[in-house]
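In the part that follows, the structures are each spelled out as structure tokens.
Each of the two complexes below includes chain A, the first together with chain B, the second together with chain C.
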Partner chain A sequence: MSIKRILPLLVLVLAGLGALFSGPLTAQERPGPLRIIIDEGVIEPLPFAVPDFIAENAAAREYAARITRIVAADLQSTGLFREIPKEAFISSVTSFDAPVQFGDWKAINAQALITGAVSVSGRRLTVKFRLYDVFSGAPLGKGLQFAGTTASWRRMGHKVADAVYSRITGEGPYFDSRVAFIAESGPKNARVKRLAIMDYDGANVQYLTDGRALVLAPRFSPAGDRLLYTSYESGFPRVYLLDLGSLRRRALDEQPGTMSFAPRFSPDGRTVLLSLSVGGNTDIYSLDLATGNRRRLTSAPSIEIAPSFSPDGRQIVFTSDRSGSSQLYIMPAGGGEPRRISRGKGRYNTPVWSPRGDLIAFTKQNKGRFHIGVMQIDGTEERLLTSSFLDEGPTWAPNGRVIMFTRETAGAGGTSALYTVDTSGRNLRRVPMKGAASDPAWSPLLK
Partner chain B sequence: MDFPQGMAFEEEALPRTGMIVSGALHLGVIALVLLSPFFRSRDSARTVATTEVSLISPEEFAALTVPEASRPEVPRAEIALPVPAPEAEAAPAISPERPEEPQSRPAAAPLTPPEPVAEEAPKVETPPAPPVAEVEDTPPEPPAPEALALAEPPSDTPTPREAPRVAPEPAAPAPPEALPDEVLREEVSQSPEAVEKKPETEPTAPPEASTEIVTEAEKPASSAPVSSPRPRARPARPAPPVAVAKAPPAEAAAPEKDGKDAMAAAIAAAVEDAASTPAPVASSPAAAAGPPLSRSEKEGFRLAVSRCWNVGALSAEALRVTVTIGFSLTRDGRPEPASLRMISASGGSDGAARQAYEAARRAILRCGARGYNLPIEKYEHWRDIEITFNPEKMRIK
Partner chain C sequence: MKHLKKIVLLIAVLGVSACTDPGRFGPGAGGAGAGAGAGLGGAASDPRSPEYFRQTVGDRVLFAVDQSTLSPEARATLDGQAQWLLDNPEYSAIIEGHADERGTREYNLALGARRAAAVKEYLVARGVAGTRLSTVSYGKERPIAICSEESCYAQNRRAVTVITAGGGV
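On to the complex of A and B.
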């Protein structure tokens, strides 16, 4: 066969192959999805818009705007959200059930939109709201409705904010909570200290003692209905139990010649841990509230104070100077060999176990500065969140993400104030209060 | 040599008559030669007429002997030379008579050139300006503005390169290694394959010539740009190829009567068909995939999404969740919201996984609201995307 006859056939075969391979791809031949790994993002407040809630009747008009402001302030105070001012709004919400113009909210980069409505019937206040993910154009979760008295309108706002916060962040709520603290007044050398309680944001302050006796270190019961605190009413420090409903109080473990202080409830609320100084030796004891039985948990000649239960009630973290300086130790709830967990330089005090159980907050004094810090329960990954002339007395928010503490300024005119800080160390804020305050104790979430 | 003692030569006087006769004869012959015209050369009396002879090569000679008709027309500058003025009739003849009152020396008059009479004297024509040399080569077109962002050439007049001499025929530019010479010689080098060895010679070529001499005054202006034009806008992205309905077979492709031609036409049609397969349409799901995304394109996309991935509002537990999201993009790079789905999640509870997914979804939708910047020609490579969001580095330690 001559090459002249083979050549056309060869050309035909090549042409056919070319057409085959340059033809359309089938679905199976299409390349797979583009796979990308993203391991770095940004940390910035999430922009949200909360137009004034709709007042569904005339009586609700007053509350609607106030509740809206509570919601906005709560979210903004976390440092995780940024409110978009009303002036930037393109569209307004005129009806709770009207369809949302997502395009208008996208245009102002609102990533979350909260709409709500308030109605008042007599003394009954009803608040309902919806949360939208603007860029996906869909609601986030179901709408919720809260009902209460008109006197509790602030709590209504906190409830709405808690729901929004939890829905977006995944964290537990904490806005609808209270803080017990020591309200201070007068000069530094003659300071009057009273037991007080307030909303978490500094509102609704109520005084529980009259200030005639020095009071210290209030601690909430797990249910939030009782308070433990230390008072010098008898001339010596002694632990008292206060019922917040009746405001009745009683001293615990009244034994002559002893001093008791630094109490803390057990997670079940039945037992109280406290430090008892007997014969010059301070140790940790547990006290059964029902029976009054007392049990010594430590017996070292050193000073053991500031016990705090783990959330599961199985362990206790406390401070001891058995090593020569104040350090943090953990021991079983029934007592036993303590295990030192703090290993850094300086002195550690006032440990508090996180409600989540993953971290321990503490006060650290080192090189003339005080710090609020957190560490893992095994003492690792210590992080100092604050630094000042005097920071002390951390207390955990119910969700275990925020810590409140006392910051005292230096000098004769120095005053004490309450601050909050995120466990990441961000969003350090002063709690807005009129007077000086110290020794905060964060309540559990209100029922 | 020692001579024996006692022997001595004695000089003897010779007769001198022969010498005298010989001398006289010699003198006579010399005088005869000097005075006789026989020995005088004829040319010696003439003036030697010398003629300038220039050596020309055979090639030049051949060129000169080409018939006039076949020789290319070379424009010549016609230069009218001044014709010597004829003797004026009124010129004073040599007069034997002396003028009565001679004002000047009359003897000098005939030697002085006669003054031309104004009316009859020939006009001296001013040589016309040399014609502009017409160069057969097409003058270089000014650079297209699209091709070169330079200013336009300063003049439309072609500006041939200046050459030191003008030759009847322009010579091609000499190779750079050639030495100037009147004769063009091919370079001969020793080649191992050469049968006959030729002596190595340097290549020569006549000096480059031009059709005109460009004077300094006529030197073209500098070719440097005289203005700085504004850069042109970036060309628009080429429109995606559009599928063109395949035309029915052309008549040319119809089988010819001749069987041989029919076979050739069929082959040509098959080749053409394969070559002109419709370009892949990006919108078509079956479009050709083309080359995959480059690393920089992937990185650009990754950065575009990551700058919207805000983990600041995530819970600690959600920050431990690694979530993979699948979705599709439209041709303009916008995510299709309905296509967003969680493919997998690990490291946390269902609630934490939901928070992590929602944060990642917000990132994809928010930064893709205006369309991600991805090459449309590679649409098939980024049409379906799976992104794994790993917050390990963002976690609070």
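On to the complex of A and C.
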């Protein structure tokens, strides 16, 4: 049960081809720059072509086509891109360095063309690629090369897709990332829950606990090397810290007669916020991981839970029912007078500060429905992105553009699955997985 | 914390002492997990058996939506629980707080903690040594009724007193 440490990484070598862009073109030739602005209204997905990457040697043959499929799947999953099926291709690409027949790609209305090549030497796999703006007949950005182990071949595909996505949207990448979650099995009244981790797209699932103890809600460290989660292995809910490299773990707060849960790291990874129930009253505490020093940040008879730091580490958003129902509040990182930010009808929970710092995602319960929503940090411009019998627990993609969450269906046979949605509310998708799952936590971008 | 005031009042009226001598119960089960009482049982007809406690005294009380206030019915059940625990000092109890599925996981954990604590406070007020009682919240993780209707939710919004071996520390 070991996590294979994937330490390939990223040799950024430019594969030549400098020129960024090209001479002016008429409006007729060129419908617009090769650019997607995500904030703009309805987006017509941008058509792209990605011919199978060239296998530059025999050992690369089993990887080249599969890596190409990863690139295509990543881009399609955003809802911003549409792949042109290869049956429509006029040109074939037989060599990475052969001149591109732009006319052939323009004829099938491919606006972006991605070409690539894969070579394998021993356990080392190298992928290089180029992105072309077909209508300008020029490369968009420099060619890039990524190297890793053959075992990490999927990551090489994600890296290519990330580069393409970032160049065309101007947004940060997010495909080369992982998700920690709770794998669920068994009937609703005897659910077995295991801590697990996978690639962001549902591949490479690995289990980190055996299901004997109930486990809940993992959270990634800012460096992606550790997880916090809640486990009942002592008989009582307690927060544990798991090192993903060594798989060593320890309980963080072992005060007898108390329960701890809903942990989150500080942006520097040195402090953990958690919710601690003492005598039935739950408040927020911070815990210094090095010294073990604990500091109480709220002290009210109401429920104070689910703290989440701002990316600059100066403020904390959390849930409190001091007003009579769960609402969102922000307080200084060291504690102090909280100010309420949620103003709409209904109950608000599980606030999570966006990695960009601009939005807070939350779960909202209103009139028998559950929603994932976002609001500005002053509580204005609330937008509900989803609606169902039970949606909860948002987690942000590393670029702050996509949110993953748990959706649970109703009834005796109800099960949980992971979904993603854009912060625009578009592109609701179920994460393709074999089993039931809940409580996703999106990692930072892998290094 | 309305129920706290009521409990204080109750203590004043009944003259029940919240203090008992934990020393006479001997060493306890200390840190026993939920379900530690599973092996305990005995004949349901034996008033001193945990099975009798479960079936006849009543091991659970129910709560209204989002509430941890004890209803008159719940208090009557807990009066019986307190008496049984006072009569059977060789046992301890873990009070499990639960919630229905109509809430987020984390909020329901806090709500279950409130419910378990409300039960513990009541039992302590009726004379059971606090050292014999521990609490745990399962939030919405352990429903006993699995439909997604109020008839099931009402059964799941509960606190269950699980009898364990040992008289507390």
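Going forward, the second predicted complex is superposed on the first by the 405 of 447 C-alpha atoms of A that agree within 3 Å, B and C clash if a C-alpha of one lies under 4 Å from a C-alpha of the other, contacts with A are read in each partner's own complex, and residues count from 1 in each chain.
Following the convention adopted for this analysis, a residue touches a chain if its C-beta (ideal position, glycine included) is under 8 Å from a C-beta of that chain, and two chains touch if they have at least 3 such contacts.
Note that the coordinates shown come from a computational prediction; the quantities given were computed from them, not determined experimentally.
In the overlay built on the shared chain, the residue A:Arg35 is in contact with chain B alone; chain C does not reach it.
Applying the stated contact rule after C-alpha superposition, one finds that A:Thr68 touches neither chain B nor chain C. Of the two partner chains, chain C is the only one touched by A:Asn349; chain B is not.
In the superposed model, A:Leu80 makes contact with chain B only, not with chain C. When the two structures are aligned on the shared chain, A:Leu216 is found in touch with chain C, with no touch to chain B. In the superposition on chain A, no contact is made by A:Ser320 with either chain B or chain C.
Across the two superposed structures, the residue set of chain A contacted by chain B and also by chain C is empty. Those residues of chain A that touch chain B in the shared complex are 8, 11-12, 14-16, 18-19, 22-27, 29-46, 80-81, 106, 111, 133, 135-137, 140, 168-171, 356, 358, 381, 383, 401, 423-424. If you check the complex, the residues on chain C that touch chain A are 1, 31-34, 36, 66, 68, 94, 101-107, 109-111, 113-118, 120-121, 134-138, 141-148.
Residues 263-264, 266-267, 270-271, 273-275, 277, 280, 284-289, 292-293, 298, 301-302, 305-318, 326, 337, 340, 351-352, 354-355, 358, 361-363, 365-366, 369, 380-382, 384-394, 396-397 of chain B touch chain A in their complex. Of all the residues in chain A, the ones that touch chain C in their complex are 187-189, 191, 193, 214, 216-217, 232, 234-237, 256-257, 259, 261-262, 275, 277, 279-282, 301, 303, 305-306, 319, 321, 325-326, 347, 349-350, 363, 365, 368, 389-390, 392-393, 408, 410-412, 414, 439.
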